[in-house]
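Across the two complexes that follow, chain A remains constant while its partner is chain B and subsequently chain C.
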Partner chain A sequence: MEEMKDIVLQYVIDEYLEDPDEEITYETPLISGGIVDSFSMVSLKRFLENKYKISIPDEDASPEAFDSVNKIVSLVNRFLNK
Partner chain B sequence: MAYSEKVRQMFQGTLQGMQNDGLFKQERFIHSSQAADIEVEFPTGASLKKVINMCANNYLGLSSHPDVVKAAHEGLDTRGYGMSSVRFICGTQDIHKELERKITEFLGTEDTILFPSCMDANAGVFEAILGSEDVMISDRLVHASIIDGMRLCSAMHDTFKHSDMAHLESKLQLHSDKRLKMVITDGVFSMDGDTAKLDEMVALCEKYDAMLFVDDSHSSGFIGRTGRGTHEHCGVIGKIDIITTTFGKALGGASGGCVSGRKELVEMCRQKARPYLFSNTIAPVVVAGVLRVLDILSLSIERRDKLEKNTEFWRKGLLDAGFVLKEGNTPIVPVMLFNAKLSQDFSRDLFEEGIYAVGFFFPVVPQGQARIRTQISAGHDMHHLEKALNAFIKVGKKYDILGKTKKEIVDMYGM
Partner chain C sequence: MSNIVSYDERVKNFSWKIAEDELDYKPGQPINIGWYCSDRICQMGKGDKYALLWENAMGVEKKYTYNDLRLTSNTIGHFLRSVGIEAEDRVCIFLERIPELYLSFVGILKIGAIAQPLFSAFGEESLFIRLENAGTKAIITQRKHLGKVRKIVDKLPNLKHIIVVDHDGKKELMDNEVVFSLETATPVEDLKIHPTVAESPSVLHYTSGTTGQPKGVKHVHYSLISQYLTTKWVLDLQDDDIYWCTADPGWVTGTSYGIIGPFSMGVTQCVLEAGFSAEAWYKFIEKYKISMWYSAPTAIRSLMKAGEEIIKKFNLSSLRHLASVGEPLNSEAVIWSERVLGMPFYDTYWQTETGSMILCNYPGMKVKPGSMGKPFPGITAAILDIKTFEPVAQGVVGLIGLKPDWPALMRTYWANEETFKKKFENGWYLPGDRARIDSDGYYWFVGRDDDVINTGGHLVSPFEVESALLEHEAVAESAVVSKPDEINMEVVKAFVTLKPGFEANDDTELLIMNFIRKKLSPLAMPQEIEFIEKLPKTRSGKIMRRILHAQEWGEEIGDTSTLEDD
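Up next, the complex of A and B:
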C-alpha cells in the first residue's frame, strides 16, 4: 500500500510539477488545486492501468476520484480487488 | 421575470468582487486608427490622451498602412460590404479563392481554407479531422482557442510539458496504440514569446507516425528569414501537416484566419468544420486588404527586418535596466511582475507616463505569473521605444523592482 502511494506520488511529481521547489503530499488536492488539469488526467489514468494491469472505466475516472494521491490509491485498490 | 433581483445581485456581487481584487478588466477606447501613436479615452469620459501603443499585435505596422486601406476601399467598391451567406451557399467570391491560393503559396503548404477567425479555425479543425479512436497531444501552454477546439473533439486529449521533447516522446510512446496521433503546439507562444522546437517535433512525429499541428498566429508574416513563420525559422517548410493562423495580427490586423496544410485535411474542414459551415464568410473588404498585405510582404522583407532590430533594442534595454523577462527572441517581450494587482497598478502608471501596455494575470496566464506583455512593431521608431523604456524604468523604480529577482519581487508583493 505504502509502495503504491509513493509510486503514484512520484509519478505526479515527475509528470505535473513545473516548479522544482513545489512540494506535495498524499493529501494535496491535485485537480481542484490546479496541479493536474482535466486533459492531463488522461496520462495518469493510462499510467495506472498499465502499471497495475487494471481497467478504470471513464465514469469512475472522475476529477473527484483523482483529486489526491490517497484517493487515487483507493480507486486503484478498488479495481485491483475486483 | 426570470432575471430576478436576486439573480442580478448575485452577478453584481461577483463583478464587485473582481473590482475589489483589482482584477476587473476595463476597455480603453481608442479614438484613432491602430498605430504606434494612438489617442485613448481612459477612464471612460476622460479627455483624450496621446500614448504609445506597446501592446498591439500589429507586428508589421500594416494595420493602417495606406496601401492596405486603399486596397480595402477597392474591395468595398468592387465586391460590396457583405455576402450575407456562409461560404458553401453563396458566400464564396473569386477573391476568397484567390486569398486561399496566395496563403497556400506563402506558407508553402498544399491547400488552405479561410475561417472567420483563427479562433474559429481552431474550434473546428480537430473535430473535423479526428475521432474517438485518436489522440491529441498538446503542449501545456497552447492558446485558449486550441483548448476549446480540443474540448469539442471526441479524440483522447493528453499534454506534454512546455517545449519538453523528452516528455513529448514519452507521450507518443504511451499512446502508440491509437489510430491517429496529432501533436499540437503554438509556433510562437502568445504569452511567453518563445518559439516551438518544430525541427525536433517534426523528427519525433516522423519517428512515431504522428501528424503535427502548429498555430502560427503570432509568427505569420515576420518569423523566419522571409516571414513565412515558425516552420521557416526551424527549416521545416512543407513538413507541418496543419498550420492555423490569423489575419488579425501581423497580416493586416482586421480579422479572419485559416487552416492550411495537407490537401485532404483541408478538404475535411471544408466538409465538416462547424465554424466554417455555420458562420459567415470573411467580408470582401477584409479579403482585399489581406491580399494587398501578402503583395507587400512578397516585395520586401524590410518591415520584418526593422521589427527584428526594434525587438533586439527593446529586450536589451529592459534587461539592462534590471527587469525580469521571459527568455525569447520574438517581438513578444513579457515583463514579469508575478503579482496580479502589481501588474494592474504598473499598467495604470505606465499609462500616466504615456505608454499603453496591459497587465495579464490568471486565468490568461498561470497563477503567480502576472506580467506586462509588451509587443514590438515595425511601426515603432526609435523615439517611441526610447520613451517607452524611460517610462518603464521610472515606474519600475517606483515599485522598487529593478535588479530584483523573482523571489525578491514575490517576497515584496506576493504571488
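Up next, the complex of A and C:
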C-alpha cells in the first residue's frame, strides 16, 4: 500500500508538477487544485492501468476519484481486488 | 425586465451608436478599453463597488473594488513603461487565473501596449511559436511557469523582459528576469492613459487552423463597442448582478466576457482559480450568490455526469440567467438545466476572430434546445452555398457567412495577411462552420468546414499535433483526427506508425501522450493513440485523414478512388 502511494505520488511529481519547488502530499487536491486537469487525467489513468494491469471504467474515473493520491490508491485497490 | 427588452424591436431599430452613446464615445476621439474598464467606472461613482472577487482552490480570497482595479492597473502600466514597454509592444500574460492576470490585462491596455494572453497550460513549444510570431517584448508570468520560459528565451531575441509576479526570493533570477509584486509596489494614483483610437491594436489571441502554425488574431480598441453591448443584451448583466465567467482568459471568452464586458459595465465578477469539481462549483455559486453564469457545454455535461443529488446540498437560488459558449450546446444539456436549475442555458456562438457574440439566444426569446439562436442585432448573417458563396434557401445546409461590419471583428492575423484574406469570400466573412436556418429564423449548427478539432470548446490543429508527434523518437508518421467524446464533444486521436525498433504497446502510447502534453498542451494530447502498419494515403502520398475521421465517427468513408494501392 505504502509503496503504491509513493509510486503514484512520485509519478504526479515527475509528470504534472510544473514548479519543481512545489511540495505535495498524499492529500493534496490534484484535480480541484489545478495540478492535473481533466485532459491530463487521461494520461494518469493510463499510467495506473499500465502499471497495475487493471482497467478503470470511464464512469469510475471521475475528477473526485482522482483528486488526491490517497483517493487514487483507493480506486486502484478496488480494481486490483476484483 | 431584461436589458434587450425585445429582440425583434432591437433588430428593427439597431445602430452601434447605441453602445457608443452609452459609453460616451464619439467617433474620432480616443477610446481605451483599459480606461473604460476602470477609471470610467470610478468616475461614475462606483469606485467602492467590487470589481473582482477571487478565490483559489485552497480557499484563499482576494477582493478588489473598481478603485483597486484602477490603482493596480495603473501601477502595472507604470511598471511596464518603466522597463521600456511602449505603445503597440506585445506583452504576453502567461499566468494562472490569479488576480494579476486580470489586473495586468487592464494595465497593458492603458499604456497602449497589446495584451497577448496565453493559456498557462501551454507547453514550451506552444509558447515559443506564439511568442516568436508576435515578436513579444515582455512576458508576465509566475514561478510555476518560469521553467518553460527559460527553456525558450534564448531563441526569442525580441523577448527583453520576463516579469515574475510571485517571486519568493528562494531562487536566483536570471538575465532579463525582473520581479514585480503588487503587494510591495507603490500604488500609482495617476497614470497617463495612452490615447489609443478606434483602430489601435488592443488584444492578440492565438487560434489554431487546419494547416500552418497558430494564427495571432488582432483586435482593436473599438471592439469594446460590440463587447459591451453583447454583454448587456445577451448576458443581460444588470448593476446588482454577481457574474461568473468560467473561461480562462488565455482564450477569447475569458477576455471579451471575462474582463472587458463585465468591467466596462461596472459589474461585480467572481473568479474561481481551481480545477473542475461539481461540488466546488456549486459551493462557489452558493457562497458568492452568483446570479449570472456564463459557462461551457463541456462543464455543463460534466455537471450533468456528477448527478442531481449533489445539487440538493446547495442553495443555488441566486442564479437568474445562464449562458454557454465554446461548442454547440446539445439539447439534452438545455433540457437538463431547465429541469434541475429551473432555467435553460442560453447558447451563444462566436469565435476568436469575431471578438464578440454573433448568433445568440436572448432573454425573452423562446429557446429551441440545441439551436444556436439568431444573429445579434446589427449582424448580417446568412447560410451560403459552399461553392458560389451565395445565400441558400431556408433549411439548406451551407457555410455561415457574416457581413464584416461589426466593431469587434478581427483586423488581421498577425504577420499573416494572406491567410486573413482567405477568410473572406464574395463580401462575406466565413467563420468556417456549417449550419442551416429553420423556418423561424433560428440557426442550427451542423459541423466544422475543416479538420480543426474542437475539444471542450478549444480548437486544436491536427497539423500542430502531427508536427509535434514527428519529433518523438518512436514516431515515423502520424495522422490526427477527432473522435467522439461524451463530455468534450470530441477529443484528439492519433494514428501512428512506428520507426523500426519501437514496440507498439501501452507504455509507448503513454510516453507519446505525455510527450505531446508537455510539448504542446493537455488539450492537444491524444486521448488515444492507435498504432497501425500504414496510414491511408493518396497515390501522391497525401495522408487521407477523412478516412480515419469517418472510421472514428461511424460515417461513410466516401470516395476512395485516389487511395494508393497496397
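The rule is simple: the second predicted complex is superposed on the first by the 82 of 82 C-alpha atoms of A that agree within 3 Å, B and C clash if a C-alpha of one lies under 4 Å from a C-alpha of the other, contacts with A are read in each partner's own complex, and residues count from 1 in each chain.
Just so we're on the same page, contacts are C-beta pairs under 8 Å (C-beta built on N, C-alpha and C of every residue); 3 or more make two chains touch, one makes a residue touch a chain.
Computed from a predicted model, the values in this text were never measured in an experiment.
Novice: Of the two partners chain B and chain C, indicate the one touching more residues belonging to chain A.
Specialist: So, of the two partners, C touches more residues of chain A.
Novice: What is the contact status of A:Gly34 with respect to chain B (first) and chain C (second): first, second, both, or neither?
Specialist: In the superposition, A:Gly34 contacts both chain B and chain C.
Novice: A:Glu49 contacts which: chain B (first), chain C (second), both, neither?
Specialist: After superposition on chain A, A:Glu49 lies in contact with chain C alone.
Novice: Quick one: classify A:Asp67 as touching chain B (first), chain C (second), both or neither.
Specialist: second
Novice: For A:Glu18 in the superposed arrangement: first (chain B), second (chain C), both or neither?
Specialist: The answer is both, since A:Glu18 touches chain B and chain C.
Novice: Can you give me the overlap between the chain B contact set and the chain C contact set on chain A?
Specialist: 18, 34, 37, 39-40, 42-43, 46-47
Novice: Which bits of chain A are touching chain B when the two form their complex?
Specialist: 18, 34, 37, 39-40, 42-43, 46-47
Novice: Under the touch definition given earlier, write down the residues of chain C that touch chain A in their complex.
Specialist: Contact set of chain C toward chain A: 57-58, 96, 121, 143-145, 147-148, 170-171, 273-280, 302, 305-306, 455-456, 486-487, 491, 506-507, 509-510, 513-514, 517, 522-523, 525, 527.
Novice: Name, in rising order, each residue of chain B that touches chain A in their complex.
Specialist: Spelled out, the residues of chain B in touch with chain A are 138, 140, 147, 150, 156-159, 161-162, 171, 174-175, 367.
Novice: Under the touch definition given earlier, write down the residues of chain A that touch chain C in their complex.
Specialist: The contact residues of chain A facing chain C are 15, 18-22, 29-40, 42-43, 46-47, 49-50, 58, 62-64, 67.
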